[in-house]
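Just so it is clear, A, B, C and D label the chains in written order, and each chain counts residues from 1 on its own.
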């Protein structure tokens, strides 16, 4: 039977012993199924001496059919940024508990991968963001699966900034900054900032002000086909930075502007059959656990 | 020149003297422009003695081209429910400050109506909800422009309920209830309950738990093409009610279920040219006012 | 050795089999230690046929040294209201998981009670509230350990009300109502409404608006020596109710007023040595559990 | 008649023309009343050529009876830190709208100051915080009227930290940081972070986690007689800073600890007779303004 994916790249933090062991187990199993296994040259030594056939990749996307990332949601974010533009499919194996993105546990990984190689899987497109920082010194761009974040660089002072959507002024904000999140990112930093959970199937973004000075400056959900513009206002002693999934893109000075829009690429997540987004939410957010008996306000 | 709208129905609370006066002024002006003016028989006496030609309607939608509602957002909700199924266009005149839905002030209403009659206006579709209460005693349905709300009827106890989306369990909740809101309703009760603002252009709904027992039970944005199901769990001494835009639909008992989905009808709002949703948000939410000098945490 | 407490009253929902079994076990053990055991006449049959000596009380406070409540936080609230005015000490045994108030588990209860009878325990005073509803038809009062709550009675409309502290106007509110909570109640309904957690040692109350119409209408912490006054404003089609720890006190009409102040009595909680409030918070609120690996926004 | 205050120091940002003008007006008026006027040497040129008698101070507290700060709440914070340890009384004149701390407007300042000089005023003690940063390189301390804030220095990663109260572990937190605020600071940054408003009369502090990773990690109000300890956990690529009223105290490394307690000094605010804290709240937070007609969820 033809395999659904033949050339498979493995990604993981090999310094983590549990991850390194899972990488070896996975590589050996894929060898056995007849797959070609590619790895990051920096993790090659994790495979030494085990009789595991593998090749260092030149890039995780050239000729690759599937990337398997072993770790947690952080490793998935890293992997997504590597492969998104090439459109390569991505499967997440969670080293610990279930993740939002890595929804297969290490205990089930062999069985699950076999199912997937045999064609039993679902594919889910997750929208991504493109951030473009236009400055007097040039233009800088990056993509993000979770969020593009504007944040004050200096801890003692708030920043003032303005937002536009498709050229219409939205608001003049004061506070710690702004999170622009995808549905995928809505359960990450944006949730800590007071944003809503957004089902991955909706084609919208959410703008979440961070510790806003004005209490009515609330999260705003807008269509993903809109272009968001952010400018900071001149203010003594403040600096602002922009990050994409936690990676620094650059400083946002009053003479620059930040443009955020849906990226042309998406992350193609592979899920085992029976994947259930709400089950993951319930597990990650400790929902509905003994609602009646153990919560804060009714004991009986 | 042909008028954009020829037969126009007027809606307003005639007990409010300011509204009654505006209704008369509007009716007289529409007479002068050659429009046919229809009114609710109950408000007919507002027009007496002024030489205003008008007819009592049999319904505000039969043969009507445009409904003009004078009052506030509450009057707009009332009007929307009357005319939505027939698809008649709706223009809101705000008796006081700008409303979210009634975005024309009484001071500008004559000028604005003239522009609109002359064809200079924009039309905006707002999605609505259909609630269907399936009980052992029969099925009850209603529509809503803002929200469908499940709420405890008795003040001393919380209710337990479960939610499903397209048949998949979402969560088991404890608390005061649940608001299912459209983008239009996102700036109403849902906002007080901690929900996000949703741009009217997005095709999504938001489910906002009211005073949830579990602190991670946060607002959830889902596509408007989904069907939401709600069931309450049996619990001593509690009762639950369902309302649509504040109108009682019925009780939700453990043997019943509530289904909420996007209605087949929409509200067709008429706006003057230059209508700007964000300007209304800024005004209604006191956004961006002297952010730097007068807010709670930096005085200089 | 003299026992710390000689006459002990037992409280619990005998309809709950687990509770009934624990009541029997506790009564038999107290018999063995030489205590006199008193019970609610309605639960006397839980003790039949077990050779357990016990007497029906005329009241749970006459001649009683200690009340042991077996159940959960709801049973504790019930017990607290019964015994507070007489100042009798109260020990809570939790039938399930740890409660905020009932902080001894059934598995440890015998050992813990022995320690307590031998004098090894701590006593903690928890302040309570007194609510006085002054109406044209008379005055109604009640006490509460958790909270006094004003809430709309009808689900479709919000209520308008005003608050004063020691005679000074605080605010004119619109919304679903107001929670006035003690530190004990701060982890109950008030927490679901957005209030802060207040350490039981502080002598303050918190006023938490429920789903407030104005987004800056935030929880307000005031000294427990203040008197809070609440009046509702006349509004078509709305009614308001006042409850104390979930028990209906009465309706609040525009011609009445609600006065809330610290009660003269307190709840005297008995804790085992080593009682740790923060440990209970961590357990009940799922705090700090694998913060790094399993939360919503960083998986690695 | 003897003046209540004879030697008066003036504080203000003289670069701001409005402030400079008010400083001159105030100084001239105080001259006329027979007060001795002291000023910061750096603002002395604001008084040149006006025939105003004034002396440069060696410090704003030596021999000073009253400090008058003209500006806004930021200027008041600055002044409070200068004078608190000496216990000198402080009066705030607000250059713009009413401030939380500077509650006299420039239009009323002469009349108000006369009343105060004649003995008609109230004095209010506001508690302050003392922060002590204990590091391998030494100990650093500072005081704050509003808040002591721990915050991540690098924008892309959250920090992990633990809190103790009087030596008992409270929680292990993940997020952007922690605000420890006085009642005065509760309406500043802490409010933007989701904390409650605390009446200035209560002797409590509030600990507000900033964008906490765990959604149940909520603001915690504790007695002001408690000592709060904070330590950050080792984490790759993160750094944390501590500020007092926005002034950098230092970095908090995993080998250091931050201790926060009520300072020995207080700020002695002088208010005109009739000062009403709730009136200031209502004004600053746009409370109760046309609750019924103009808010987000009921227009009529």
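Heads up, the rule we're going with is that a residue touches a chain if its C-beta (ideal position, glycine included) is under 8 Å from a C-beta of that chain, and two chains touch if they have at least 3 such contacts.
Please read these numbers as outputs of a predicted model, since none were measured by experiment.
Shared contact partners of chain A and chain D comprise B, C.
Pairs B-C and B-D differ in how many C-beta pairs touch across them, and the larger number is found at B-D. Taking each chain's centre as the mean of its CA atoms, A is the chain most distant from chain C. For the self-contact between chain C and chain D, the two sides draw on mostly identical residue numbers; the shared fraction is above half. Chain B and chain D, compared by their mean Cα positions, are separated by 43 Å. Each chain gets a centre from the mean of its Cα atoms; for chain C and chain D, those two points are 36 Å apart. In this assembly, the C-alpha centroid of chain B lies 40 Å from the C-alpha centroid of chain C.
Chain contacts: chain D has residues 157-158, 189, 191-192, 213, 215-216, 218, 285-286, 295-298 touching two or more partner chains. In terms of which chains touch, the assembly is arranged so that all chains touch all other chains. Across the complex, chain C is touched by residues 13, 71-76, 94, 96-97, 99-102, 146, 187-189, 191-192, 215-216, 218, 284-286, 290, 293-300 of chain A. In the complex of the two chains, the chain C residues touching chain D come out as 157-158, 160, 165, 168-174, 186, 191, 195-199, 201-202, 204, 206, 213-214, 216-223, 226, 276, 278, 281-282, 285-289, 291-292, 295-298. Residues 149, 151, 153, 155-158, 175-176, 189, 191-194, 210-213, 215, 241, 243, 246-248, 285 of chain C are the ones touching chain B in the complex.
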